[in-house]
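Chain IDs A, B, C, D and E follow the sequence of writing; residue 1 opens each chain.
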Amino acid sequence: MNALEIFFNPDIAARAFPILLRGLGMTLLLGVTAIVFGTLLGLAIALVRLFAPLPFRLLAAGYTDVMRALPVLVVLILIYYALPFAGIVFSSFTAAAVALSLVLGAYSAEVMRAGIQSVPHGQFEAASSLGLGFVRSMQKVVLPQAIRLVIPPQASNCVSIIKDTSLASVVAMSDLLKQATDAQALFANPTPLMVAALIYLAILWPLVRLTGWLEHHLQRAYQR
Amino acid sequence: MNALEIFFNPDIAARAFPILLRGLGMTLLLGVTAIVFGTLLGLAIALVRLFAPLPFRLLAAGYTDVMRALPVLVVLILIYYALPFAGIVFSSFTAAAVALSLVLGAYSAEVMRAGIQSVPHGQFEAASSLGLGFVRSMQKVVLPQAIRLVIPPQASNCVSIIKDTSLASVVAMSDLLKQATDAQALFANPTPLMVAALIYLAILWPLVRLTGWLEHHLQRAYQR
Amino acid sequence: ADPLKVAAYPANPPWENKTESGAFEGFEVDIVNEIAKRMGTTADIEGMDFKALFVASAAGRVDMVISSLTITDERLQSQSFTQPYFEGALGVGVKEDSGITSLEGLKGKVIGTVATSFPEKYLAEHKDQIGFAENKSYDTTANMLTDLQNGRIDAVVNDVVGLRYAFGQMKGLKVGAEIVTGEKFAIMMPKGSDKLQKANDIISEMKKDGTLPKMYEKWMGVAPAPGSFAVTPMPVPTSAN
Amino acid sequence: MEAAVDIRNLDKWFGKLHVLKGINLGVASGERIVVCGPSGSGKSTLIRCINGLEEYQAGSIDVDGMRVQKKSKTITAIRSEVGMVFQHFNLFPHLTVLENCTLAPVYVRGLKPKEAEDLAMHFLAKVKIPEQARKYPGQLSGGQQQRVAIARSLCMRPRIMLFDEPTSALDPEMIKEVLDTMIALATEGMTMLCVTHEMGFARKVADRIVFMDHGEIVEQAPPAEFFTSPASARARQFLDQLLRH
Amino acid sequence: MEAAVDIRNLDKWFGKLHVLKGINLGVASGERIVVCGPSGSGKSTLIRCINGLEEYQAGSIDVDGMRVQKKSKTITAIRSEVGMVFQHFNLFPHLTVLENCTLAPVYVRGLKPKEAEDLAMHFLAKVKIPEQARKYPGQLSGGQQQRVAIARSLCMRPRIMLFDEPTSALDPEMIKEVLDTMIALATEGMTMLCVTHEMGFARKVADRIVFMDHGEIVEQAPPAEFFTSPASARARQFLDQLLRH
């Protein structure tokens, strides 16, 4: 049996493929959930960090620091294994979604804070002078300008989080990686793992390239 | 029993601490190994990508892309579970060290390439004009100038890799996280996990802050 | 009544095992299903990693845990157990050509066990006596057996019934030796659970009316010996002995 | 004559720096005031206090009889009464000229988009750039941008306009077009409070010139008087320096 | 007289751009040549070919009898015979002035550090800045930096020096100090090939002026002849433009 037949056995690949697809579905669902909630959380934290009273600002700063200092897997395991002792019991999916959202929230907050801070102060003043309130000024004047600077680094954060969905396999969630390792054990052959790696590549490589492209083309000061 | 007694039970903390310290030792050893080999690998890849003949340049570019697109856990599991089918059997530690080095190598290569490219071309030309060969020019003229720009992003890469050492727990390496989860199951109490999280924080928070500081103070063009 | 929440390690045949369709089957699965039925409800079984089972029970996240769990004094400090229904023994799983046929053969070898399992504790207690080189602990049986095949470890120690069953599927592995430990397998429940007494009573009934011995025969392939745990009703245990 | 702005004993500190010291200033409805004085004398701070962009620590400011207080409910009402034009225009770069002008009328005044657009076109015509309505600020010259900024303020139909050195960031060729716009406004009877060093403009339209130095109002006088015979030595010195450039 | 540099039928392309067209030029040992010509005429490319910083596609260049070929073994030997001074100095910013000067002598010539330092101090004294030896390039003025660059080249004891507009990145006050250094070098008999538009310098030291345009040598003549009666219309036009500035 040559290497190709072991590592890319077409027969096993065909049998494993539907199993892997189910895992891919979970992976994508988890990724999208984490990105949506993580981004919203990040925006909230960024706003608190910039505009809330001092104690809240410090809390938000501490939160982002802690989340960026802890390994994602540790956060996930704390949520999955430790929280139940406090009576909070999440399913694997929920636990993973919460963990990834919390982490992405911290990274997003940093990115958004920088984006909002880069909007010149005169823009706030002009909006206030016209009688626009804080929320409207944010919504119509500041955030639309910040977003161009935020998109490239946030895209790169999202790529990281999609990669981190693979950690959910550790808390027994049937994501792409978990399905692949299970299938590898079932067929006693590494083909499912190799196929899973290719699926990850097929999704993430374009995203990595896109991130680089965005950095080149969008991350400049606003100008027309 | 109140929350503090459950989550920070001093008795259990005391009994778990020596177990965790053993895990911390493994974590640090793994981190240092990966940083040393990953950084060297990154330098080699960066040099290939900048100065080798075209086919090698493309290979190096493909390598960095693939490694940045694959989740670290997938790389680790491929090395640990798939390679044995090709007769290559690594211990948990070796597998984790290889996986983390390969990944850090890719990220380091990007950083170092940017650093070397930022050294003005005139510096190479001046060195050549004086008769210095390629290796000497690199060693004495280009790299010493590139290093200032490389240190901050590389520090941040190293922080990521230290966080990723926690993944080694998945391939049965007795690192800090694995010791903590085992102890948590043993004592049926989350204290060991909480203590482990604090240990991670104690190591990584200062590093995260240091990274930010380095970015502020070092990442400027060379000047005196 | 609410369904009975049961946690199980999903890859531990013949005790419990997740089939392709996602349903659970196995000796202990039959037992908890019958208990649930006699309580007037159904069992809702969730698969978890081995370590997570203890957390789930300790945190009151589930009502029962099945996974060929041994009653130990340590576990009794933070958990409760029903009466035992099986006398377990440990098996030493090795490669067919390894030549290891006894516990003594493990001297200087690298051994694998499942993290926080009874065999892990057993080996830790008998380390000096056996003289093995290292004990690697795994999160899943599958990973452990894969590493045995890969040669990363020389032997594994686990419940002998499970090992025999697994080696029926995997090529090149066998049980090299059996260690009689007199360990008692039972259902684990949260400490002081209000369902504990009821569950224990039902198990007594099942032993008396022959339901449990029949299940035993179905999954183990032989009828239980007279006087064994599978046919003898007992009270809720308060210690391992 | 009703007081459009009434400032009494106003004190303001930036930390330990006392930047406004017991300022008293009344602006009648329809009055046109030019504020001048050396750099750092507190001119910007004074007019920024009037529409609540800066907080003050003592004294009081009333606009149309409403007390200016930063965290109060009336601040929005005051701000829609008071238009402000900045040195650096502060147009919204991501919105077209038209959108710049309709934003506040729609979201603060609650106008329908169509009404707001008609209003905006009206004022853009007034500042003589209706044809630029669909462009983005970055595509206009500085003078055009400043005129858009004036139109944007006017769309809120303010009763008082504040200007903070509206021409000092402009190239010389463009200063005139902005000053002409401001003169037209003055001619229509708008109440104006204008920080500027354009003395030609001051002479032509100001009812009163307020000279500040070191956070105090040193002198107030009609332009004819102020330019020919300033009472204080400090004003004389200031005018000398201004003319020498 | 032995030829220090011998260029024959040299052709060079950048992609499809033909930048050097059949150049023939011999430089005798001890000769001082100034190359001038309009921007883009190929002056820099020509002298960069001489020490192998650029490859050429046809013809030949011999330096001290050694054929210049980029990938050949002799290139290091040639480069230590030929010193080069750049428009933008290209000093190593992370090394002190002294270290800039000793780097190549130690690693290419194999001198002991002490010997290299003595040599460096000798040449730093020659360019009149021995007191700056311990400073970093960033702490020096442009003129001082260029003099360090000359000293750094001299430390390799080259037989030929190439200069590519050594003064055109300098402020006017500093041009003289660099030209003086070059004149001193010329006086000592160094073979020099110098791209410059400093016509005063050319008049004073050049044995020959080479005028290039569009990749060709249009005219060669002693300075007296070249400045007073240039043969070609193109050289006349070039000189006219130069004088008008």
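As a convention for this text, a contact is a pair of C-beta atoms (placed from the backbone, for glycine too) under 8 Å apart; a residue touches a chain by one contact, two chains touch by 3 or more.
Remember, it's a predicted structure, so these values are computed and weren't measured experimentally.
Shared contact partners of subunit A and subunit E are B. Of all the chains, the one whose CA centre sits at the greatest distance from that of subunit E is C. Ranked by how far their CA centres sit from the centre of subunit D, the chains are topped by C. Centroid to centroid, with C-alpha atoms defining each point, subunit B and subunit C lie 39 Å apart. Between subunit C and subunit E the centroid-to-centroid distance comes to 85 Å (mean Cα coordinates, whole Å). Separating the CA-averaged centres of subunit B and subunit D is a span of 57 Å. The residues of subunit E never reach two or more other chains; the list is empty. Residue numbers of subunit A whose C-beta contacts span two or more other chains: 81, 85. Shared interface positions of subunit C, defined as residues touching 2 or more other chains, are 51-52, 55, 58, 143, 146. Across the assembly, chains come into contact as A-B, A-C, A-D, B-C, B-E. By the touch criterion stated above, subunit A contacts subunit B in their complex at residues 3, 6-7, 65-66, 68-74, 77-78, 81-82, 85-86, 163-167, 169-170, 177, 181, 184, 189-190, 193-194, 196-197, 200-201, 204-205, 207-209. Contacts from subunit D toward subunit A in the complex involve residues 51-53, 76, 79-80, 82-84, 86, 88, 90-94, 103-104, 107-108, 136, 138-139, 152-153, 156. Within the complex formed with subunit C, the residues of subunit B that make contact are 81, 84, 89, 91-92, 170-172, 174, 178, 181-182, 184-190. Chain contact summary for the complex, subunit A toward subunit D: residues 120, 122-123, 125-133, 136, 140-141, 144-145, 222-224.
By the touch rule above, subunit C contacts subunit A in their complex via residues 10, 47-49, 51-52, 55-56, 58-61, 142-143, 146, 149, 170.
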